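Next come two complexes, and both contain chain A; in the first it sits with chain B, in the second with chain C.
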Partner chain A sequence: MAITSLKSGISTRSGMAGNTLIYPGSYESIATNTITTPTTGTTFSSIPSTYTHLQIRWIARDSGTTDNFRGIKLQFNSDTGANYSQHILFADGSSATAYSATSDDSAGTDGVAGIMPDAQKTASVFAAGVWDILDYANTSKYKTTRLLVGCDLNGSGRMSLASGLWMNTNAITSITISDNNNNFVTGTEFALYGIA
Partner chain B sequence: MALNLFKIETIEITNITSSITFSNIPQAYTDLKLVGSVRSNVGNPYDFIYFYLNTPGIGAYTQRLIRGDGSSVSTQTNSVSYYPLQMINGNGATSNTFGSFEVYIPNYRGSGEKSFSVDIVSETNSSGIYMDIQSGLWNQTAAITAMTLASGSGPYLPYSTFTLYGIL
Partner chain C sequence: MAKTYTPIATSTMTVNAPSITFSSIPAGYTDLKLIITFKRDNAGGVYLRFNGDSSSNYSQTFLEGASTAVSVRAGNQSFAYVDYNGDSTNNGMYSIDLMNYSNTNIFKTYLASAGNAATAIDKTVGLWRSTSAISTILVASSNGGNYFAGSSATLYGILKA
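Showing the complex of A and B:
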């Protein structure tokens, strides 16, 4: 008999005689936030502490009209203080640059190292990224984030590896993702996963 | 559809330790993914890991990387008897901070030489720290059945974790 998880959609099979046992996966969707009206940010709240790691898979585009790449702020547990740092390596196809910000207000990709295309860039193109947050519920650790992100505009673009630090040992129970300059456009989407 | 990711094992450091090994890796998956959250007991803000597939000392490794240090960018190539997984946090970094990395090994049971990718960051609340995107190659054709991660300049500190996943 097939059993499908209401939470993850993963199908498993009962361990009764005659069935080969299939173990459930270690990767579960917690929530997906899709921007349907331009807005400055979105929050995942009440994140359970039952996973080992978190991952956010996302696409995003900024509403600005100045033909720029824009940054994304990542803040935890509603902490808007200067309790973050970030280090960024980014390249545009012809050169590479590194950047850092310490005692900052987010662990994202703000400042000169923006990665989201704004609305003046090639139409309908979004940056795509994957954020990993290991040991997010470990109360003996500050939280380190690791992001791989890219955006190709068919003639220009950027790619980046970015790390972030939240200097707090609390378990992460909420994550707010904000546009550093303007609004996220409709179609921007952030999907939060828990990894066992 | 959810990613078909299966935890094989997590190793958490509870006492200062100089080496960990994942052994008897099941041959039931397509790819392997290793993630780590690591801090070592060296005085510098950063350290590295000796990464071995199967038996340490067998075969050779090559590496290409691009690195940012917070203000500048460099590249390296290395050819050595171990894979230098660099950089994770040392004990000179901001207290309670740990480096973060992922090693992705596609087709780990295949008959060709083993290629893998790495993205790795060390973090601290100062400008000078390292982050790399790397490609690696182990010049052996054996299926991967074990991984050893031996600490570089200083042993692993408690709360460091290593988790190995199989991917279908």
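Showing the complex of A and C:
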């Protein structure tokens, strides 16, 4: 099968549900936080306001030892108030369920929709996720997030599609990502990108 | 800031055929993104195979929505499967993120979004139980069908800062 190079820079849209429209050349790497020592969380700070959207692409695993799935959450600009809400469509290989949370202190997949495998789960498996933070610098509206995340373990697994709201009009300048229960293990990694 | 989301290769079929292969994939990115759109001669999804591995090292968990939302699972498969159906009249569209594809310390997880407006949408998380860096991807038509001429697949590389 012939393969044709696209070095000419053809613009191609990725307009699938759950994916932001992307035009090659308008997507930039901002920073990467790699966990080298188990820790409860990590922060991107001094985020420039020059993009339209942000995206965090990540892999993560939890340090717990109870053979469980654990949640992951976001907080913006160090806001720990009850200013977050979310709706989550959750699947575990047997059923699909939906639930919501209001007046929360974070956006993410805590509670029943925890996704990260803990250290008792199959070795070498990390959950993977793509978090979109839309119109993050627009000071005229609240901020909406979207997350597609999952972890399959060959016989068990979880995934969810989540929509979150931060009820604040401030531009997002920092993002704190936290393990909802324990520590992120070494090798967990969060990469922040800006979309023009 | 460094620009990324780099087109690596694309393949557009000029005749009906059962598969597309991306080979010699460079290891210099963090994630890969594969965009596929096709019509085919029978209903079905997409099989993926990495590095020619046809052993039972693949598994998936699905979240699907048609008239209702359901979730199913498949384990110990000889291919990575992504629903949902493309057919002879409706384009199947697939967006597949292969996360940390060249990280030799972890098994490889992919996230996929797929849809066919006439039938359903699907989200998939899949696992390839191998620590090898992905250097070859076979994109094959499930159920033994052929992709129609004009079907295409494009592979992008995304590099972290």
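Going forward, the second predicted complex is superposed on the first by the 172 of 196 C-alpha atoms of A that agree within 3 Å, B and C clash if a C-alpha of one lies under 4 Å from a C-alpha of the other, contacts with A are read in each partner's own complex, and residues count from 1 in each chain.
The working rule: a residue touches a chain if its C-beta (ideal position, glycine included) is under 8 Å from a C-beta of that chain, and two chains touch if they have at least 3 such contacts.
Quantities reported herein were computed from a predicted structural model and do not represent experimental measurements.
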item	value
First (chain B), second (chain C), both or neither touched by A:A137	neither
Touched partner set for A:V185, first chain B, second chain C, both or neither	neither
Touched partner set for A:T102, first chain B, second chain C, both or neither	first
Touching partner for A:I47 - first (chain B), second (chain C), both, neither	neither
Touched partner set for A:I172, first chain B, second chain C, both or neither	neither
Partner chain(s) touched by A:H87 [first = chain B, second = chain C, both, neither]	first
Touched partner set for A:I72, first chain B, second chain C, both or neither	neither
First, second, both or neither for A:A60, with chain B first and chain C second	neither
Partner chain(s) touched by A:I35 [first = chain B, second = chain C, both, neither]	neither
Winner by number of chain A residues touched, once chain B and chain C are compared	C
Set intersection of chain A contacts, chain C complex versus chain B complex	9-10, 25-29, 89, 91, 96, 98, 148, 161, 193
Chain A partner contacts - residues on chain B that touch it in the complex	1-7, 10, 35-37, 66-73, 94-102, 119, 121-129, 131-133, 158-159, 161, 163, 165
Complex contacts: residues of chain A adjacent to chain B	8-10, 23, 25-29, 52-53, 85, 87-89, 91, 96-100, 102-103, 132, 134-135, 138, 140-142, 144-146, 148, 161-165, 167, 169, 193, 195-196
List of chain C residues in touch with chain A within their complex	1-12, 17, 19-23, 30-31, 33, 35, 59-65, 69-73, 75-76, 93-95, 97, 99-100, 103, 105-107, 109-111, 113-115, 121, 123-127, 129, 131, 154, 156, 158-161
Sites on chain A touched by chain C in the complex	1-7, 9-10, 12, 14, 16-19, 22, 24-32, 48, 57, 59, 89, 91-96, 98, 122, 124-130, 148-161, 187, 189, 191-194
